[in-house]
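Worksheet for the structure shown next.
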Amino acid sequence: MLSPYLLLLLVPSPPLAAFLMLGLDPFFLRRRAVQVLALLGGVAPFFVMLPLAAVCFGGECHGVVPVFTLAFGQSEVALALLLDPMSTLVGLTVAAVGAMVITYAIDYMSDAGVADLRRFFALMNLFLAAMLTMVLAGDTITFFFGWELMGLCSFFLIAYNTGLPQAVAAGRKAFIITRFADAFLLAGLLLLFLEANSVRLDVLIPAGATMTEDRHLVIALLLLAGALGKSAQVPFHTWLPSAMAGPTPVSALLHSATMVAAGAFMLARFSPIVMSEPLVQAIAAAFGVGTAAFGALSAIFQTDVKRLLAYSSISQIGFMVLAVGLGAPEVAIGHFVVHAMFKSLLFLAAGDITHGSDLGTSMKAMRGAARRRPVAYVAYVAGAASLAGVPFITAGWWSKEAVLSAAWNTGPFGIAIWALAFLTAICTAVYAFRPVLEALLPEPEHRSRAPHGHPLALNLHHRARIGSGFITVPLVVLATGSMLGGVMVAPIISFLGAEVPHAPHLPALLAAMAPFAGLIGAAALTFVPSLAAAVEGAHDMRRPTRLDHKFQIWVIEPYIRLIRWLSRDRRPRDADLDFERQVRLIRWLSRGARMDGVYQALVVRPFVNLVRWLSGHRGGGVDPVGSAPVALALRLTQAVVGPLAHDRFDRFWMRSANRLVRIWVMARAIQTGRSRDYALGLALGTAALLVIAWGTTWN
Amino acid sequence: MNAATLSILLLLSAGLFATGFFGLLARRAILFQLISLELMLAGPALGFIAGGAYHGGQTGQAMFVLILILAAAEVALGLALYLALRRVADVEDADTITRLRH
Amino acid sequence: MGYDMELTALILLPFFGGIAALFAGRFGRDAERWVSIAALALALVILILAFLTPGDGRWIAFERFDWAPSLGMQVILAMDGLSGALLVVSLALGIVSVIVSWKITEHSGLLNAALLWTVAASNGVFLSFDLLVFAFFWELMLVPAFLLISVWGHGDREAAALKFLVFNAVAGLGLLAAVFYLGASGEVVTFDAFEVAERDIPHGVQVLLLLGFAAAFLVKLPVPPLHAWLPDAHTQAPTAGSILLAGLLLKTGAYGLFRFPPMLFPEGFATLAPWGMVLGAFGSIYGALLACGQTDAKRLVAYTSVAHMSIVLMGICGGVYFSLMGAGVEMVAHAFSASALFLLIGALYDRTGTRDLRELGGLQQSAPRFAAAFAVFFSAALAMPGTANFLGEALVITGMFQVNWIFASITLISLVVSVVYATRLFKRVVFGKARRSGVVEDLTAREMGPIVLLAIATLLFGMLPQLLMGALEGAVTAALAPVAGP
Amino acid sequence: MSGLLALWCAAVALACAVLAVTRPVIVHALIWLVAALLSLAACFFALGASFAGAVQVLIYAGAIVAVFVFVVMSVDTSAEARGRERERLATGWRRPAAAVILVAVPLVAGLGVGGPALVAPQGTAQGSLGALLFGPWALAIEVASGLLLAALMGARHLGRRGAGE
Amino acid sequence: MPSFPALLPLLFLGFGAVAAMLAAPRLPRLSRVLAALALMAAAATLAARLWAPAGQSALLSDDGLARSAGMMVCLAALGSLAFLRPGGPSKEGPALILLASLGGLMLAGATHAASLFLGLELVTLALVALFVLPLTRAALEAGYKFLILGAAGAATLLMGLALAHAASGTADLQAFAGRGMMLGLATALLMAGLCFKLALVPFHMWTPDAFDGAPRAAAAFAGAASKIAVVAALVRLHTLAPPEVWAIGLGLAGGASILLGNLVALRQDGIGRMLGYSSVAHAGYVASTLASGAPMAAEAALFYIAVYAPALLAALCVTAALGPEARIADLRGLVWRRPLAGGAMALALISLAGLPVSAGFFGKYIVFTALIEGGAWTLLAMAIAGSALGAYYYLRFVALIFRRAPDPAAPFLPAADRLLLLLASAATAVLGLRPDLLLDPLRRLLP
């Protein structure tokens, strides 16, 4: 009898097939065919996942479908797909979000050329297939296969606008940084394999949990590093905001349920190994909460919706990592599911609102959204509420509350974490509501557009207020999920076999207040001109010209006085300087703590110098450009400039050759051409022979 | 004839050989070089005759005859070459015949 | 064992095919090319038939006959999975190289002959187990390759060809000297590798002899600091020459290292292997870094070859099951992926007349098929899972973790750097706007054929690695046994 | 007694030879050459090799030197040429002398000072020189004629006014 | 006197020489044909008696070594004759080549001081006459140097023979089997004469000049035929186990020749000069093989020089076709202009470099084997270093042969040249695949 689990093989197959069809283009597909194929490939996994999920929820949730087995000498490598509660849940989420995003993209990308469309959807489908493969993987090889394939696709997708240098640079940056983290993961997985002599997760994870101490620690740290890189956690976070250069559906897919979240999923998957080391656990929790706080702070000061959402992803996944670090991977998965829904919703809605605007995806493009695209706006509001964690009515509250409670319950140390997470939650609400409130502002006055602008941009105001079904259905579905999904959080956690953590009333109440505090903050940032200008100015790197003196006097001034009094600073005050400081802080935060600069100094520049030193290029001066991706691209460009030089070993060989030539010149001088000299040679040779003869016979 | 005499004769023959060799090395005029060659050949000639006299065979004298033939042949060729060189290149100094070198 | 001709045929068929191609041009247009393809295809058929007939366990086929008995010479040809796999590579790449040089009309008879002779000689290297015959084919290989570079090359081709030749010929002398010593040092003069392997050679002598062998192999591989000939040779060689250089000649070095040191000098190999690994680790980083700094696309790929072959060296010297298997897989995988990249760059050069990265670009827009092909082999170059290259490198890393984690880490770093140069190549060639090249014509059907073949090979061995690894099993355990033995 | 005579004649020959190679004038050198050759002939007679002595006088000192004389007649013998020749010898004798001494020292050391223990006279079968030369050695004589033939052809060819001029 | 069949080749050559000389002034073409016929007849007679029982006469030995070496001398002489340019004043060429071959035959069979010395001198004087054939200044210069040095070498050799004769009372070469100071000195002097003929450092100075200035055919005879004969004589002396100075001197001279010859040839641009220096180096390989003292040294040396000969003949034949001042640039694209000439030249150079599929590879192989067998590690190292240098400069020339040439002017090749190139290439290629075809007979023929 055929096992129902065989259906597992069919989950990643449709998008893969769609990728092959679109990628190889055997039939010279037309636009409509491309769209149909893409849609089929994108949606089918969800409908295959459904019966599987039904089986799983029915209670029989452990299916392994072997793909094939390799014999490696004494070891065996058995590739398989695995269905267990975690993969069911995550797979279902991914399939659903993927289906929504691809559906949305059908309309969103409709103005691209056929060839580009084909490429786009081929890659999107491949991406989806890769993520599904990774989620359903029953062994480390398949897992890593999906994991890496996502990295590759992210490169192509982020660099989708191949003519745009910063898009290409962002793609490279994403690929290189994640590849760096992947190296850790690969090392960890290979060590695990050597330790357990198997690649099957169901064998390997229990075996891994009972390893010897030192090995265990190393492997756990390696896996953690891999996850942090893929999930854009703090030291590695820089690629994610740059990756916004890709089209909106790409961002939506990348940052909600797939790529970025894959790290958190991986940690949850391998939590028996990773989390059995208290040290690693503490590190994970620290990184998680740190990233969450940092991401939220940075997000507050963004002026670009997509970058804001990117930092939000960093922050939210920080929560997931935190949950894993607290020993509650089930909670992390719960947050994963919810986050996937509201984050994709936010991206899709924001993308729809700003689509075709000549302001790109900047915050200003949100203005007037309620009037222009009411459905999308409502959807955005729903998503933002869920992100902010408005109590009871949004899904986000339930999952975030679970994380916070888990932190509170960990003990005294956990309370500190809880406090930080609580502050983060307030910040989250601040940035979540900023675009919502921004949309309430009147639209900026209509500037004349350059004729070469985006072709659709001209139609911006002539667009229908309600988008086509391809746009509306995903928005509605996801918005519903984001709001009502909260009821699923507890079942999810218990389905995964854990208790839903409950905090005492006080912290729970406080946490419930956070969104409202955030809302006030957002309002301040949006409607108080001085603050808005500060945020704005931090980006334009110009001093704002108009300040609201009242705000200055009532808020900023006392704060500065307090600081000065505390630090016993008696120097005369310089208002400009103060403002500078303030702006600099904002700028620092909005640039992701300038981590790019650190990388530039610590990694990229030495690397380039090394390469340049090795390949003998002459360096040329390049302006330090503020934006790091461009700088990265320029740095590598610079390494290219210069003549095609030989490397050092080559020079060594050539030098010895020259030395030989010099000896040759000396040696040929012996042949003087004079017969007397020749005869002299004869005489000397004879003499030498005679001396030898005399010497050998003399005794 | 005793061994000592032979020894000294051989020494003298070596001396003749060496003298001729010296002439060949030291003299630059082609004709002098040819004369020196004759003296060089006289050394082994004396050696063969002395050896033959000591050992009492005819071999030494027979070898001398062959040496003589060689000397004659060499002189003939050498002088012809000398004349040809003088005619073609107008040289009599061996040191100036250095077009082929290195 | 009976005396069959199949292995001899695998060497002689391309050889005589080459002679026929030399004169076939007189009998019709493109006749020499068809003759070449026919000879190689026939050899491929014979090879497949040899695979299908049952062997004796260790060897798929084995032949031995006298050649010049008075010199202690005989011909011993033996094929196991490793040689078989490399023979498939060599014949397939032979066909590919004939196809890609279809448009070259200058001395086309000699061109095809040189291609076939290169294949014939490297087949000889892969099959010979008489050390002298091995050395003979080893040196013979240089001649047609030299011709390929110096006659049909680009730019400063003579200098490059000479550099290639001198490096390899000089290094070959080390091999020759060691082989001669081995042959002459026994009680009877014999070059039979199996007999020589039985001998008890003192440890110091083993080390010396191994150094002689290694000189030839490491230069051919090539591993820094002995690699200086490779970038020049690759850059100046015609496309077909680059393909054979990367796909075949480099592999002969790896094959030699794989086969003979563990077999002939187990103790000496054990002594020197750590140094081999150090060299390989250094080379893997060094090659990758230099690849990052190149502006010539072919040179870039050439340096990636240095990096990848260094990883192969590391795998072989690792001497554990995984690393050896990884090295074997990587050899085959790199043959396909590197030759495909050379093919693509060659095709691009034919169209644009430049290989300068600063002048190329925009393939994505003007030639999507070109771009797609680039993408596939780009993935292979940076060892994307699913390609055979990943399998090879992952296995080497696994083995290295068993030997010494530092080497494993270095390999991982080179894996990361590979992304830098690969994306750079891709960015410059496929993305961006066409700088000088303008609109590039997409790949033609004749070019697509070989590319599809190579892509299928790369992905097939990556997805279904048991095809390859099953074949390599015997050779790997054989290389393992003397090292691991008591 | 004959031994002493032979030694004396050989010594004279050596002295003449030394003079012959050091004379600046070609004619003088030639005369000393003849003297050396004649002394050698005397030495040969003293050693009992009368045929060799006779041949030496007739062919060597006679015929060969005669050929020389013909050539020497065309040579510049002016005082200037003599001075040039003397100067050439004066400037360039050291290196040749050193080389020759290097050759001579082992020879002298081996033959004279070291005193080789010579084997006793080998009693080879006595026979006439003619029987030897026209018996077993006939081939050698024939080939020696080839030697002369080659020299003759060469000399004759060189005497032509050839293409090289 | 030797038996008549043994005498027959000598008679062919001697009478052939006289006939050719007589025919030369009026019928130069007939003279060439006669000379060729005489050489062929001599070679055929030798070949027919190759396996006959050995004989011995007063002066000459009639054994396998003499016959095989003599046959090779005749064949090499035939090769030189093929491209000895007829016409002009040089009508005596064929006769002189026959005389020189006669000397070579004597040398190959020499067991006595008289035959050794006569053979050597006949070769020398005939070669001097051959060198000066064009009567150009360069030819005269080469001839003069060769004459002067040759005579000095002959005197040295004779001095050695005289000492040996005085020491042992016999002029038989057997005398050199003894020991003692006088014999040691005699051996040293004898070696100086032989090394001069073999062109070993420091007795080699005439070689490059001769290869450069003399007619290429004469140089080819000096490099191929005469060296085969000298090597045969060396081998014969070698088997007598002469005093210690023999091995030491040969080793030193051989090693020095390998290094210096290859080094100076490194960047020579004149093809003739390059071949001249390289012939010094090749002589060095032979000498060091004999010096190694390996049991197989004799056959190795003879095999080496035998496979060197066709390569040198082919290379010099092509060089001759390129004109009197052939330089490396003249080779450019030769294979495209004259496929036969270019191919033969390339094969010859590859063989000289000792690369596979050429007889030269096995020459090097067997020499290295002998050096290893004899434990002559220093010489082996020198030989390896020399081969590396050799590979470099030969391949420089090979590279140029295949380079495309701007001017399509093709050198003229007469039929005889073409036949020679074909045969020499065939010999090189066949021996490169089946060295045992030559090596096995040699091994059985040598004592």
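Which chain is which? They are A, B, C, D and E, in the order written, and residues in each are numbered from 1.
Criterion: contacts are C-beta pairs under 8 Å (C-beta built on N, C-alpha and C of every residue); 3 or more make two chains touch, one makes a residue touch a chain.
This one's a predicted model, so the numbers in the text were calculated from it and none came from an experiment.
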- Note on the structure: Sorted by label, the chains bordering both subunit C and subunit E are A
- Task: Using the touch definition up top, find the fewest steps from subunit B to subunit C.
- Result: 2
- A student comparing A-D to D-E should find more C-beta pairs in contact for D-E
- Message: With centres defined from CA atoms, tell me which chain sits nearest the overall protein centre.
- Response: C
- Note on the structure: With centres defined as the mean of Cα atoms, the chain at greatest distance from subunit B is chain A
- Item | Furthest chain, CA centroid comparison against subunit C | D
- Geometric centre distance via CA averages, subunit C-subunit A, whole Å: 38
- Just curious, how far off is subunit D from subunit C if you go by their C-alpha centres, in Å? 70
- Query: What whole-Å value do you get for the distance between subunit B and subunit E if each is reduced to the mean of its CA atoms?
  - Reply: 26
- Note on the structure: Rounded to the nearest Å, the gap separating the Cα centres of subunit A and subunit B is 96
- Task: Return the residues of subunit B touching two or more other chains; collapse runs of consecutive numbers into ranges.
- Result: 6, 10, 13-14, 20-21, 24-26, 28, 33, 50, 52, 54-55, 57, 59-60, 62, 66, 70, 73-74, 77, 81, 84, 88, 94, 97, 99-101
- Spell out, as numbers or ranges, the residues of subunit E touching 2 or more other chains. 114, 118, 121, 125, 128-129, 132, 135-137, 140, 144-145, 148, 152, 156, 163, 166, 169-170, 180-181, 184-185, 188, 208-209
- Residue numbers of subunit D (touch at least two other chains): 95-96, 99-100, 103, 106-107, 110-111, 114, 116, 118, 121-122, 124, 137, 140, 144, 147, 150-151, 154, 156, 158, 164-165
- By the touch definition up top, name every chain pair that qualifies. A-B, A-C, A-D, A-E, B-D, B-E, C-E, D-E
- Write out the stretch or stretches of subunit E touching subunit D in their complex. 1-2, 7, 10, 14, 17-18, 21, 57-60, 88-90, 92, 95-96, 99-100, 102-103, 106, 114-115, 118-119, 121-122, 125-126, 128-129, 132-137, 139-140, 163, 166-170, 180-182, 184-185, 188
- Query: What part of subunit B is in contact with subunit D in the complex they form?
  - Reply: 1-3, 5-16, 18-23, 25-29, 31-32, 34-36, 38-39, 42, 45-46, 49-50, 52-62, 64-66, 68-77, 79-84, 87-88, 92
- Of all residues in subunit A, those that touch subunit C in their complex: 23, 68, 70-74, 115, 119, 141, 144-145, 148-149, 152, 155-156, 159, 162-163, 165, 168, 171-172, 175-176, 179-180, 183, 186-187, 190-191, 193-194, 607, 610-612, 614-615, 617, 636, 639-640, 644, 646-647, 649-650, 652-653
- Message: Show me the residue ranges of subunit D that touch subunit A in the complex, using the header's touch definition.
- Response: 95-96, 99-100, 102-103, 106-107, 109-110, 114
- Query: Where on subunit E does subunit A make contact in their complex?
  - Reply: 144-145, 148-149, 152-153, 156, 179-181, 183-185, 187-189, 191-192, 195-196, 201-203, 205-206, 208-209, 243-245, 248-249, 252-253, 260, 263-264, 266-268, 389
